[in-house]
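One chain, chain A, appears in both complexes that follow, with chain B as partner in the first and chain C in the second.
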Partner chain A sequence: MSASNAQVDHARIAAAKQGSWRPLPLISNRNLRWGLNLAALTYIVLVYYSVDINWARVAQGMDRAINFVGSFFTPDFVTRGGEIAVGLRESLTMTFVATVIGIALAIPVGLGAARNIAPRPVYFFCRTIIALSRTFQEIIIAILFVAMFGFGPLAGVFTLAFATIGFMAKLLAEDIEDAQNEPLEAIRATGAGWLQWINYAVQPQVMPRLIGLSLYRLDINFRESAVIGIVGAGGIGATLNTSINRYDYDTSAAVLLIIIGIVLMSEYLSGYVRKWTA
Partner chain B sequence: MTAPVWQRRTPARQYAIWLGWFLGVMLFLLCFKIISDNTIWEFLTDAHVQAASLIGRMVPPDWSITGSLMLPLWDTINIATVGTALGVLIAFPLAFLAARNTTPHPALRAFALGIIVSSRSINALIWAILLVTMIGPGLLAGMIAIALRSIGFVGKLLYEAIEEIQPTPVEAITSTGAGRMQVLAFSVLPQIMPAFAGITVYRWDINIRESTTLGLVGAGGIGLQMNAAINNLAWGQVATVFVLIFGTVIVSEWVSAKVRHAVI
Partner chain C sequence: MLDLKGLTKRYATGDLALDNVDLTVPAGQVLALIGPSGAGKSTLIRCVNRLVEPTSGTIKLDGDDITKVRGNRLRQARRQIGMIFQNYALVERLSVMENVLSGRLAYVGFWRSYFRKFPQSDIAQAFRILERVGLETMIDKRGDALSGGQKQRVGIARALMQNPKLLLVDEPTASLDPKTSRQIMRLICELCTEQNLATIINIHDVALAQQFVHRVVGLRAGAIVYDGPPEGLTPEILTTIYGEEDWTTTHKDSDDEEKSDKKDVEAALLGGHP
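This part shows the complex of A and B:
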């Protein structure tokens, strides 16, 4: 391997002296490079033959597509204003409550899933919770929770809180595993109890990132709350889904613009809060 | 006389923090009240019975349908892969327009950032609902939905990577008299290629998860079978679909972690 690489290097340098230079390839191993290209080509052929697309139907839909894009210039906030307001209020309250509950539950799970501070059995238990919560999309969890708790925003709160646990606990655990060991030893050497140890050695090291991640998750939960309404878990998703199914694109555009606006606002806000807490 | 006790914060700052917590708790309670008013609490009294019966009907999973799920699973992987490829194709030039150090004009930068934010704000499932009403149900709607959602994610991470490159190679190539495209190709591109590969594989991994649910709204893949099983209340079949999704996601996460480890 290394011998052939050296040969290639010599060939490159010789070619460069002749005046023809080429940049180094991204993947240095030649067989791997050609193997990947070949695999990609085979895959494209396979997909081409296994996906069948009804182009006539696609052409038919173009009128609607143009209508939809056009409706972004004439959004209608008023006709369904009442439904939009109710949906939006439900989405925002769901987002906030679910994020608070989710983070409160994610902290113990995250502590348990950090390899450097949790005993083995606890570690595996917490990692299982994280894997389960991260694998299944919010919408699948929402279907199950709607079946258990009935329609309404409470099922949505449980869904978003459950999804928040996996996300926050995983990142928190990784952050704790990256924490510096010296403060942990120092506080432990003073004879501190377990809670004191967590509070004075671990918490100060992970707090800034935890705040940043919480704000990010608030943002994600709001976006997700626009989706889980489709299966009856409350929020603005129900309004949006109804408007799309009625081809009432002006109202859909209004809802989408509101969502984009709120996400943009929260992005600016979280930038400020991060600067302020860091 | 007692010695003064050490305090971490000034009293004014301490009160401000307490006030902040107080307002936060009040907001939480208010929000919870709104939700509670919209909830039928009677449903909750038998929630544990419902949960137990749901799980009881899911276990054991109905393995007899596993064979018929293989084609939808292949479709799901195709939706994610082709969708990621399409999204990346569009996001790549967009990222160069959006990065402060490579954008040709500030107005173009604002335009590119607008597209990136819009794409990031809207879930793939919403794109899928829209596309199904436009171009009809099927794999194509799913692929385009995944692509539209991926543009924002890949575009944002990529333009941040472009903004963080070392300026010295750019200066060096520029000083040789290279044209604009040559500077991009030989000084910017080599610096962002590893990040680009990592971001793409990371998004592909997320897209595998997202494409499992697109079938719920008719956009193809294993979600169609899941939706049919849920509508038939065949929870044993639903459980089989769940197990398959879980397995696929674990494998894709492993692949993505391997590739990212190799390139970064």
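This part shows the complex of A and C:
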């Protein structure tokens, strides 16, 4: 594009003088532009015919979906209330412990993974940890830890803490890399030690984001605790799984509503805290 | 005080930023370093406190060779060298007091600084300096709540908190309006004289430099092309430093008053001295 912009387009300039101007198209080659549009359209048409939608089956399934959604209007919090309470307590404990451990471990990894403050070998080492942690989906890690530590919340805590490291360290490192360079230089120029430098120049710049991300991760971990419970890592997920296996959809609905409620609460809380830490 | 010998910096990209610079600055002298953008002014002062590693040459501070020192000895060297920045370089989310006290970091241990438990004498000194720069009522304001001139005053206070022997000043007025620029330059020069500091000021505004400094060094393409008193900056010399331009409006002339209005406006635009 820059090559074609290099020469002055006299026709465009003359038109602009007359008051007629349109922004330059994203793709300057006219044939390529229309070719891409046509290709996209063809793709959509082909996809429609290849999927082979059975509308009769969709109509039938709609009934079942409405029944399923209907059970949300008759949630049963009471019959299995004890089990729900135990699962919930277990999940909340797992979530808090895993988030705290995960963030504590993610901070040093995140510092090491920021290109502007870490020496090259440390940078590559920390980026490797982050990549490992982020490669595997929580369920896969949970299956591994359940095999290692047996069924129950311990495996869940390890899973969530491990996933938290990758998530928090990556985003923290990116925020450090985006920090203003001049204050970093200024504090270094005072002769401050490395830890003092981190504490005075880096920490104030990344603290609001670190707090916001921690709350966000807390709520992700709670949601994930419901999922990994299904593969045996304890918590409310185990309760949910049991209720589904028993065809006890009213209890399932109650569990799901509780999860929604807690996630909503955490959403409002984090919005409030972000405003307060700005 | 400061003694540079054969200082050379070649960046990894191959650009030669400093070419065999020899420079001696005695205590109490305020030196303006002028030159076009890219002449190596910033590189020179950043080599002195080793924010940039010189390729060759030596840097001596009070007779101590600090060209290769590392770790603790580098910190000891840096704390004797105060630095003031173009964009103030305050940590904006810290309070004015914290920013000023950060000048003491190399004098206190990590835990003391972490819990902000600075010695009483440091806090008293910080307050004294803040009084001197007229910001004593602002101690608890956050850095980002200040105006440009106020931020630069905090930057000056932070540098002075180091009890430096040498002050490096990088374009202190480039982001300030003409009046504030003069106030800041006057403040820096007064403080340097009071405390007998050797000072290097990088500055684009030649007229402003002429008004305040003792000595001017002109840098072009990494080499010194002028070293002398501010009065010696003739249009010919300025042409050697910056290249061809009409220098009559920038130059400090006694007959400025008699020039046409147009010239006065030009002088004001150039940051000149009407």
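The criterion applied here is as follows: the second predicted complex is superposed on the first by the 211 of 278 C-alpha atoms of A that agree within 3 Å, B and C clash if a C-alpha of one lies under 4 Å from a C-alpha of the other, contacts with A are read in each partner's own complex, and residues count from 1 in each chain.
As a working rule, a residue touches a chain if its C-beta (ideal position, glycine included) is under 8 Å from a C-beta of that chain, and two chains touch if they have at least 3 such contacts.
Note that the structure is predicted; figures quoted are calculated from it, not measured.
Of the two partner chains, chain B is the only one touched by A:V263; chain C is not. Looking at the shared chain after the overlay, A:A186 reaches chain C, while chain B stays out of its contact range.
Set side by side, chain B and chain C differ in how many residues of chain A they touch, and the one touching more is B. Of the two partner chains, neither chain B nor chain C is touched by A:D9.
When the shared chain is aligned, no partner comes close enough to touch A:E177: not chain B, not chain C.
Of the two partner chains, chain B is the only one touched by A:R223; chain C is not. In the superposition on chain A, contact is made by A:T93 with chain B only, not with chain C.
Across the two superposed structures, the residue set of chain A contacted by chain B and also by chain C is empty.
Within the complex formed with chain A, the residues of chain B that make contact are 27-28, 31-32, 34-36, 38-40, 43-44, 47, 50-51, 54, 74-75, 78, 81-82, 117-118, 120-123, 125-126, 129-130, 133-136, 138-140, 186, 190, 193, 197, 209-210, 212-213, 216-217, 226, 230, 242, 245-246, 249-250. Residues 23, 26, 43, 47, 50-51, 53-54, 57-58, 60-62, 64-65, 68, 89-90, 92-94, 96-97, 100, 131, 135-137, 139-140, 143-144, 147-154, 157, 223-224, 226-227, 230-231, 234, 237, 240-241, 244-245, 247, 252, 256, 259-260, 263-264, 267 of chain A are the ones touching chain B in the complex. Chain C contributes residues 49, 51, 74-79, 81, 83, 85, 87-94, 98, 102-106, 110, 113-114, 155, 158, 162, 168 to its touches with chain A in the complex. Only residues 180, 182-183, 185-193, 195-196, 199-201, 204-205, 207-208 of chain A touch chain C when the two sit together in their complex.
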